[in-house]
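Below you'll find the structure, written out as structure tokens, and then a few comments.
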Amino acid sequence: MDGVKPGLASVRVAQLATVVVGLAAWELAARRLWVDPLFVPAPSAVAGAFLGIGGPALAGLADTLGKTAVAYVLSVALGASAGVAVGSVRLLRDVLSPYVIALYGIPKILVLPWIVLLLGYGTTPAIFYGTLHGVFPIMVLVMGAVRDVDRTLVTVARSLGATTWQLYWKVLLPAIVPSVLAGMRLGIVFCLLGVLVVEMFAGVRGMGHVMGSLANGFQAPELFAATGLVSAASIAIVLALDHLNDKLSHWRG
Amino acid sequence: MSARPGALIAIEGVTKRYLTGSGPVEALHDVSLSVGEGEFCTLIGPSGCGKSTLLGMLGGLVAPDHGRLVVDGRPVTGPDPRRVATVFQEAGLFPWRTALQNVEFGLELQGVPVERRRRTASELLGPLGLRGFAAKYPRELSGGMKQRVAIGRALALDAKILLMDEPFGALDEQTRALMGEWLLDIWRRTRKTVIFVTHSLHEALFLSTRVAVMTARPGRIKSVLELSMEYPRSMESPEMVALRAKLWSEIREESLRAMQP
Amino acid sequence: MKVGLLRLGLLAVLLAVWEVAGRAANPLLAVPPSAVLPALRDLLLLRSYPDLPASLLLTLREIGTAYALAVAAGLGCGFVLGMYRLVGRAWGPMIAALYAVPAVVWYPSLMLFFGLDAASKIAFGFLLGFFPITLAVLAGVRQVNPQLVVVARAYGAGAVTVFRRVMLPSMLFTLVGGLRTGLALCVIGVVVGEILGSKAGMGALINHAYGLLRTGDYVALVLVTLALVVGSDVLASLLERHARRWTE
């Protein structure tokens, strides 16, 4: 290992170089037909395709993000409150933890066909499944945070005469905020994933459906453009959440 | 050692047992002690003698198995922040609150309106030596400062009684010495009744009006020393040297007993 | 003791509720556990789906291939990223950015590329499993004491020997954890790929049962697939514990 820590400037240069060289090599490979343009279109074609898919793609993205937002709100509300409720009662936590962790780890796609059977196609199963995906990481993180609250803080609050309600509101909740934020950051990706999966499996609208159709139609440039669009949207949302996280965590240092 | 009538704090025949992995253990056995108003009473003894448990009982956080504790005429049934304030060895400051917000926390719990509690807390910052640090978060404060905030939080309650469980235990020697002087100053100004737990003979002799020596587990009150010297005390005076020797011999005996398995 | 009993009790209650609700419901939509058992029996006796073993084998092969590729690539990339700090620091945040994107967005592109055959499932499984392995190797390499490497080099050890004799034992703990996560994700990737559309494999059977509203068979197939998923993780955790004991 070279022992010198690279400075920020050289890191940025390396990143930029990677992107530029990567794109250039890709463009070259496509133009020289080293790769089949049917499967791997040139970056220039993809860029052009952005304009081609314009309206329908943005509509699809809006639809997907709309469902994701609903699923996300539900996930956070359910996950955080369930996490606090189960995490703060010793017995509940001991009995339910293995079940919660097991459910977290099981691929939920196995029940997707059944959910679609019950809830039909379209928006409802997408929101339901998105919530199902997002709720577990949040709940697990919150449960862990509640369990790990510094005991001294609880003792101090009790000695100052705090009621049970005050203990929850003024000690527990502020203490778990960092974990809730971490869960929220994880949860958004999970919710979006859930919604996209349903759209691909049984969707009539939304980016998942759009991308699936483009794949079936062998429209590679358009598909790449659409994929890029969803990825960019996802990264933007996560960066926004990270920023929010930083702003709310100034006391942590 | 029976309780004196009319004392502010009366501990009467208190026993406490704990269940551990290897069977029941008696932490305190038939402890009796009384403390009058305005006193600075130190509890000193070997590790495991139950002094922290006793303090926890006075603070209403732990219940005795036998006996009772009476504070200001009332038996202790739970935390009573209007009468008894506790300072722990770990400052226990809420990391998401500033120093000022930490100091006013107890008042906030009692529903004191914002302006009044803010004023009370701000006025305390001066004597606490924390003027200018009101908006700082605990991570920006040194160990000694954090403890001062914790003490400020307890003082803000304006309770008659202050319980302190080795509050300077986690600090380095110099800070400890300075904090002791500072605490003495605060005590003499506020005229509170203080029960102070420590390992340090120096602190016990420097600060207290009475020193109660506890035995090794199961803890009982072995002896009580009355100190009536003037403050601030010279630790080198012949009287003090003799007292120190006496105190040490009592404690040493118990410490040796505690070290035996 | 009490906790264990309560857990079992909870499970029993849930099964009871399922049984009651299942009997009352439309059999095309929901089946009680009592109907699942005969369906499971028919499945395992190869009456309902004679090509179950072939499907199971295909899914296992897809998982195996995806995992082998993910491990190979993960070890290589993680090692490079860990050894050359500039590369690691440059590409690290870019890989972290990829984590902000739900992996399933890549699947349509893979479908376009590889079609509905095993290849797209293998590719997706590889994609999912590759990252945790790489990151674990990266973390493991970073935590190796550089002094040990210097000493080994001083004794004339070449790069491969340094890797095998010095780095590998130091990083085994982190590495094995990453390998376990990687396997779990490979399995999920293959299963997701199969259910989203495949001609063969367990996912195809599940879709077939679901499509014909053979709900009992569908549940039985899900249970078998679940056993596969859980079984692979149990196996991985046993190996992990074994490896940990070896490093202590």
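Note that the chains are named A, B and C in the order they appear, and that numbering of residues resets to 1 at the start of each chain.
The rule we apply is simple: contacts are C-beta pairs under 8 Å (C-beta built on N, C-alpha and C of every residue); 3 or more make two chains touch, one makes a residue touch a chain.
Keep in mind that this is a model prediction, so the values were computed, not measured.
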item	value
Chain-level touch network, classified as line, ring, star, complete or other	line
Chain pair with the most C-beta contacts	A-C
CA centroid of subunit B to CA centroid of subunit C, Å	56
Rounded Å distance between subunit A and subunit B, as computed from the means of their C-alpha atoms	50
For subunit A paired with subunit C, centre-to-centre distance based on mean C-alpha positions, whole Å	19
Of subunit B, residues touching subunit A in the complex	59-61, 79-82, 85-86, 88, 90, 92, 94-97, 105-106, 108-110, 137, 139-140, 153, 157
In the complex with subunit C, residue positions of subunit A that touch it	1-6, 10-11, 14-15, 18, 39, 91, 94-96, 98-99, 105-107, 109-114, 117-118, 189-190, 192-193, 196-197, 200-201, 208, 211-212, 214-216, 218, 220, 223-224, 227, 230-231, 234-235, 237-239
Subunit A to subunit B touching residues, read off their complex	150, 152-153, 155-162, 166, 170-171, 174-175, 177, 250-253
Contact footprint of subunit A on subunit C as seen in their complex	3, 6-7, 10, 29-30, 82-87, 89-91, 93-94, 97, 99-109, 111-113, 141, 146, 149, 184, 187-188, 191-192, 195-196, 206-207, 210, 213, 215, 218, 222, 225-226, 229-230, 233
